[in-house]
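What follows is a set of structures for review.
Shared between the two complexes below is subunit A, which has subunit B as its partner in the first and subunit C in the second.
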Partner chain A sequence: MNKGKIVSIHSFRGGTGKSNTTANLAAQAAMAGKRVGVVDTDIQSPGIHVLFGLDENKMGKTMNDFLHDKATIREIGLPIGDNTDTTEGRAKLKGKNLWLFPSSIRGREISQILKEGIDFNKLNEGLQTTITEFDLDYLFIDTHPGLNEETLLSIATSDILIIILRPDSQDLQGTSVTVDIARSLDVPNLLLMVNKALPKYDHAELKKDIEEQFSAPVAGILPLSFDMAENASSDLFSLRYPDHEWSKGLRSVAQAVLALG
Partner chain B sequence: MPGVFDRLNKEIQDKQQEGGITPLDLASLPPALRKIMRLMLRELQMTYPRLCEAMDEMPEADRLSREDLQSALTTLTEQYWLIRIGEKEKAIYKVNLRRKEGSKLAAGIWSSLNERLKKHPKDT
Partner chain C sequence: MHDITSQLKNTMIFRGLSDEALSALAQKASTRKLAKDAVLMRKGDPGDSLFLIHNGWVKIVTVDSKGDELVINKCGPGETIGEMALLDGSPRSATVIALEDSEVLELKQDVFQNVLDQRPDVSLAIIRGYSERLRFATTYIERAIDWSQKTAEGDYSFINQTQPLLNQAGSNDDKAAQMLSAFFAMVRKVKEREEGLKQQLEKLTFEIDQARRKKEFEEITGTEFYTQLKEQAKTLREKRKQS
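Then we have the complex of A and B:
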């Protein structure tokens, strides 16, 4: 087996804070001295690059170029530690070993993928090659919500799967489907993360209920936060506001991931 | 004149076009077959001796006997879920995933969308 661990972050429904969580977990792992990659496999609606302060002009080659044999994985990996801006949280990543493998946000390139489909042998080769080419300890995969084929591939190849859910009936039902699929695919480590929990909930009770329902550990319960909403993806929240309750919850998830590693 | 590498590459490409497994199919495989496929997904390709080594490195409960491994490899290659290049000890196995099909939306929709996107300089 390759040395690096693949960590997929998934949620059955959109709007759970998946990209924010992925970017912050990757940042925490990099801050802990790990060599970390982040791949955006949400090819039809990419967005995680925004959290790292990138726009179309700064991105360069993308996963779309790799899938169309126009670039190598080496050419796509964008060293975030060398491209930090002055934003308080992101600036802390300066010099850290963190690479982003973004998907294209050009409309034509997204529509090309939707129209032509995806060579999964190539996509899987890309995921595995990021680890060997960049000697990664962890590769975090930001997935599309729901169960599409790219998501299933990333789950099937993962060492650790983090499923994010809100304390909401629709999320709970969807999560049970994802947990079943993950178990059918023999994912070695499954962690749950509850996001956007109302402050009035007893978090210890919520954790216990969800762990019983899914027979899987809850690595963190993160509160619904207006501060987080106000941040509006303009910075890496857990680096900018390390003492915030959301950041504390996020760090407990990061510690659970690193403990498996 | 094509070299050995080109020839093998062509052979792999031809075989890849003959089918492949979908990520959802992986979930339905018997445990022994799924174990091999998960290993192959991570390693991309392996020789038979390397596969045997990887099996020996697994926890005892997860290991397959040589006989079971050989039988599983035969099943997987017959289905074109694994591609085998070469024979016996020199065989190299490579995972074969089925391509995700493109959208079935009428072609006119894509050409119309492309025309509209062309009008935006940043998208060209």
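Then we have the complex of A and C:
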């Protein structure tokens, strides 16, 4: 049986559009007929669940409860396809096989988790159970920015790592370390995605330079977009505005992920 | 007289007329001599005749918002002024002044209408001419709508695939053809400007501080947590490969 893939989405700093990218990638994979799960790592802050139109108050048990054997994975997964609202983009997900798994693995809690013996193997086991129970093709994990222990755990268990960066020297410097870590942890597939690229830059040149620098494919260069900023978290942008340049870029990243099997 | 007939034939409204009909019209026309700076017509005058410039040059002027004279156009031998006035009688939309001593041929509206009354064949030829021109202009408008949409989408391929049409007489003096020619010139300019902008794209140069990269990498990988994680990850990947 072909097991589902764990796809971690990471960026060195915040503000790269990581949550938006994760939600849209998961939505695109679901639209392509795949069975998809998304681990929302921070339900306290407005993130992925808002993009899917879910209210955090409705979320009871989290991945943490599951990892502590206090809940079954079936109790955690929220079916997005059965909970779509009438928002134009999100409505397209009706009936699709997409589940959200809320979790709250924050700085303080990770040390607690480690102390309590939730180690790498346990986390990995939990993710694999999630994949098996829901028969997932892809499980997307929206990691926290930076390279803390929690993020390292996510990277270590990933089949595919997508690093999102803005085209500036700070992000490029930070990304270089993440790339080295991903290689050190034998992540089989590494994809780069440039977000918020100014139109004045030559995107083809940028792609070539970054690929050369990191020896990894750039799956998409997505433009800085006022339309995107205005939409904020009100809808899934790539479903609502499929012809927008940002959406086209996002679909090319989604296709790169799907092409990896 | 033959000269006048052939000049009349080139004017828009008489294009479809036979030589015989044209010569009948030409005979009804009267000649007017204009001294330099003489006013042929003033803006607002009743439009009750057509002028064909026989020799000399005139300027068509209007007044701008400041009250200064603004030259819209200059016309010379063979060109006609106020041809639509023969049919609709609208007031003159501009003033016409001789730039030099000139001679013009005048065809009065009432004389022209007498000809139409007596000659149904001439009336029909004129109506046919109008119909043809209207069809021609409509075709251009339809195309212009299509081309405008393409231009808005950044698709300029039509300017290489299409040449502005000429009307059936092969002349390019129609306003519709002039408009299309201006439209094509505009699209070429827009395309050029856009290509120019593309070439001005900046190249983003970046340099990675390799010493810092190495140091930060070692800070992360140097911990006991990491060593253990790497070991576990390795085992996991081998297991995944086997399954």
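Here, the second predicted complex is superposed on the first by the 231 of 261 C-alpha atoms of A that agree within 3 Å, B and C clash if a C-alpha of one lies under 4 Å from a C-alpha of the other, contacts with A are read in each partner's own complex, and residues count from 1 in each chain.
The rule is short, and it goes like this: contacts are C-beta pairs under 8 Å (C-beta built on N, C-alpha and C of every residue); 3 or more make two chains touch, one makes a residue touch a chain.
This one's a predicted model, so the numbers in the text were calculated from it and none came from an experiment.
Judged by the touch definition given at the top, the superposed model places A:Ile181 against both subunit B and subunit C.
In the superposition on chain A, A:Lys3 makes contact with subunit C only, while subunit B stays out of contact range.
By the touch criterion defined above, A:Thr157 reaches both subunit B and subunit C.
When the shared chain is aligned, subunit B and subunit C each come close enough to touch A:Asn124. Using the contact criterion defined above for the overlaid structures, shared-chain residue A:Glu205 touches subunit C, although it does not reach subunit B. Once the two complexes are laid over each other on the shared chain, residue contacts for A:Leu172 go to subunit C alone; subunit B is not touched. Once chain A of one complex is fitted onto chain A of the other, the partner contacts of A:Glu149 extend to both subunit B and subunit C.
Comparing which residues of subunit A touch subunit B with which touch subunit C, the overlap comprises 119-121, 124, 149, 152-153, 156-157, 181, 184-186. Remark: subunit B residues 16, 20, 22-24, 26-28, 31, 34-35, 37-39, 41-44, 54, 95-103, 105, 110, 113-114, 117-118, 120, 122-124 touch subunit A in the complex. Residues 3, 119-121, 124, 147, 149, 152-153, 156-157, 159, 167-169, 172-173, 176-177, 180-181, 184-186, 188, 200-202, 205-206, 209, 213 of subunit A are the ones that touch subunit C when the two sit in their complex. Looking at the complex, you find that subunit C touches subunit A at residues 201-204, 206-209, 212-213, 216-217, 220-221, 225-226, 228-230, 232-234, 236-237, 240, 243. Of all residues in subunit A, those touching subunit B in their complex are 1-2, 6, 56, 106-108, 111, 114-121, 124-125, 128, 149-150, 152-153, 155-157, 181, 184-186.
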